[in-house]
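The structure under discussion appears below in the form of structure tokens.
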């Protein structure tokens, strides 16, 4: 029994961790498999390729489905808390990666249904989570997190502006010029404010073009807001690396200015 | 009489403030009602939905109109200075939210007229004004305010550039290529400089495309200006928030962290 | 004679300066005249308006031309160095603002020629140069100036990238998909990199779309470069307002850190 | 023999360096030749110009090809380590600049093949590498380099988002609305997220437009991320340049202005 547990621990280290040689090799193989299988799903959706190489892609699909199924079962078996894994984000992604193929055996599924398999691409993040890129990602996420409230206010403001301007344009341009309804006009306002500018709907009247110009210059200018928020947050984070993480011996407080001689909280000499 | 005043004060607290339990509940209900009624106005403008569910939407509209009318009357009644409220920004918004529906009874209004009801969306801001998001919004607004003059100079510069480039393109491309007038060419220049790029008007001659390229690269580069202005302003605001300008009584050093009790340089109590 | 000189000096103060009451009134009138005349030139280019109100606009045009001609002559007369004014930037703009109308009397000019009058819009800058906005404009210009070299390097880099990618797309997509020549393909590359995206030329082959995606993500990312350059320059300028302009009594050097006790150049106590 | 070596050294200085008078003259001539030859290649690709002036351009092409061939041979001869040069980046670019013209003599090449000559434009960078612009370019590159990891994480995130959103839109919009395959839908997602917005593919269903709006606002907002990363990196670089980390010998204070002779805190000579 101990021998079995030993073996289970070893497999756990290989597929869940990355600090052993085998663990790294497994990660590389996993990333390759994921990329190849995602690539196969993509190619399969191209009609011309599907018509010519459909059978090959069918085989490739089943190869990866079985591979990932085995991986899933092993992951469940070697995990000391299997239920926690199954209902975790990555556990559900792992399941969604293989289920559609099996279901398509019983219910002749349409292409649309099989697209769910594209979530496989998210599995790469699990591997990356273990790499040294995670430090950078966390740094960015923490900056995004501290600017969350400001960004929410900004987004709410943008959506309100789009609603108002969209409604105004619905009245001015009217259904004849493509602004057939308020939701569609709001869609136009978002396309314009974000400077995407498809051109599928565009103002035709002089006054409509004047208002559109205002919307564009507004959108062009207020992009400064999310950029400014995030940049300022990031800059202050980078600078705060100029605020040390030395902790005071007496009150345990951290975050002292570089070069500080005394704790700013209790006055003890650092 | 006192009892009536008491009751009036209580209602005032509920609908104008947010610190009581009932006040919060009222705010949540109000936001929901606003969102639902705005959503109904939007759906009503979609021809297909209007044709099929028009009668339901008509009832929904009247339900919210009467609800908001009652709210408006109560707001006027319980406010100690009713006139000030009526002619305030939110007072006018509240009135504009319900008036169009009543008028449509007497004058069979077109859809265009009823769109005014979309201003209801602005009523949400009143509720948000009371929440903790207001601090973030004020922070952003104060940063925008201090960069107002710089942004005005920038916008004036952009509009002048658009006028000059628009006129140049009007001469070069001419009416045959869609640049039918100077205002329309200026509209093109704004569409291009703000990188929106609908494509409803685009240069066809070689020299026109060369000048358009210059306009694009210009627009692509000078977006740096509003972004730079706002970011620098925001960064200096955030920095000023994290480090006080309190100076130590004994060594006269300033720049202590917010919340510091002792000077980080000499250890004296601040 | 002295009386004439006195009179001349007064007129000079009114039209060249802004610190007297009359000077301010003159500026406001001038800006209004410029805006109205520019507006008239614009309207004149709209065919429908020209057909209906052409004669009125013709009168308006001559009214402003004569007004600006008188202003020009007065400016030359009261200026102590008339030649310097005539060949200055604003002197030439003033001349170009009126000349086309006179020439159109002798040579029945096309609309295209008369468009030159739009340079009148530049005359507004002269008035603004005198206002308090000029401080903000100078601040921005000085930040732009110190980032000039970096921006030049960046623009050269962008143009080279556009040349390479444009040529690659010319080979891959070919004339059949709209990429009819290298210059046109470079135009496409600029349209794409600057995220304008007219859609008048867009890739049709799979490999072309893949390369276009790379160009887009590149353009989307490197917009960070001019923005970053300008923002960093501006932020350091704003911060340097944290570097005082106190000058040392002994060596006359300025630019000491806020809170410095001794001159960083000669060691004298500040 | 020594005389020959002397001569070789002098030629080496002229064509590889820039600090002699002749060296500078050579550089200017080289840049002019490169620009002219690149311009000729571009014009040659325009069908109408090719039809009319094709023979002239053919002569111009051979003139520059022979010129660059001589330059290439001289570069190989005078370089003390010819093999290292030949297989260096610029050596290969130099070769690719002339080879296609020679090959076209034997194999009547298509236009597509001759486009390779456009790599000549890269030769300009060699000359610029020697100029004072190189300092600015290095500054930018070093800032880009230190933000490399963060930008990689960001790009990976963008591509994943594009994959997910592209697949979702493939299911929702389907082949009838232009989303014919997953790769094409991902192409659409990239066009939208980068705010390019060609409009060659755009959503037609209501739910598709709603999701597209989310993608646009997302793309509009997350442009803040690369900009923020680069700006923060650049700002900290510029700041580090203006304030040294030299510490005062007597009071141990750091952060003196570049070029400071005396400590700003205690007045001791640095």
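As written, the chains take the letters A, B, C and D, and residue 1 is the first residue of each chain.
Methods note: contacts are C-beta pairs under 8 Å (C-beta built on N, C-alpha and C of every residue); 3 or more make two chains touch, one makes a residue touch a chain.
It should be emphasised that the depicted structure is a prediction, and the values quoted were computed from it without experimental measurement.
**Student:** Going through A-D, B-D or A-C one by one, find the pair whose contacts repeat those of C-D for over half of the pairs by residue number.
**Tutor:** That would be A-D, since it shares over half of the contact pairs of C-D.
**Student:** Report which interface contains more C-beta contacts, comparing A-C against B-C.
**Tutor:** Higher contact count goes to B-C.
**Student:** Which integer distance in Å separates the CA centroid of subunit B from that of subunit C?
**Tutor:** It comes to 29 Å between the two C-alpha centres.
**Student:** Give, as an integer number of Å, the spacing between the C-alpha centres of subunit C and subunit A.
**Tutor:** 41
**Student:** Can you tell me which residues of subunit B touch two or more of the remaining chains?
**Tutor:** Those would be 183-184, 186, 195-199, 219, 223, 227, 229, 231, 233, 235, 255.
**Student:** Is the chain-to-chain touch network here best called a line, a ring, a star, complete, or other?
**Tutor:** If you draw each chain as a dot and join those that touch, every dot ends up joined to every other.
**Student:** Which of the residues in subunit C end up touching subunit A in this complex?
**Tutor:** 195-199, 227, 231, 235
**Student:** Sort out for me which residues of subunit D touch subunit C in the complex.
**Tutor:** 38, 41-43, 45-47, 112, 115, 118-119, 121-122, 124-125, 128, 133, 136-137, 139-140, 143-144, 151, 154-155, 158-159, 183-184, 186-187, 190-191, 193-200, 219, 223, 226-227, 229-231, 233-235, 237-239, 242, 255-257, 259-269
**Student:** In the complex, go through subunit C and note every residue touching subunit D.
**Tutor:** 149-150, 152-154, 156, 160, 163-164, 167, 170-171, 174-175, 180-184, 186, 192, 195-199, 202, 206, 209-210, 212-213, 216-217, 219-221, 223-225, 227-229, 231-233, 235-236, 239, 243, 255-257, 259-267, 269
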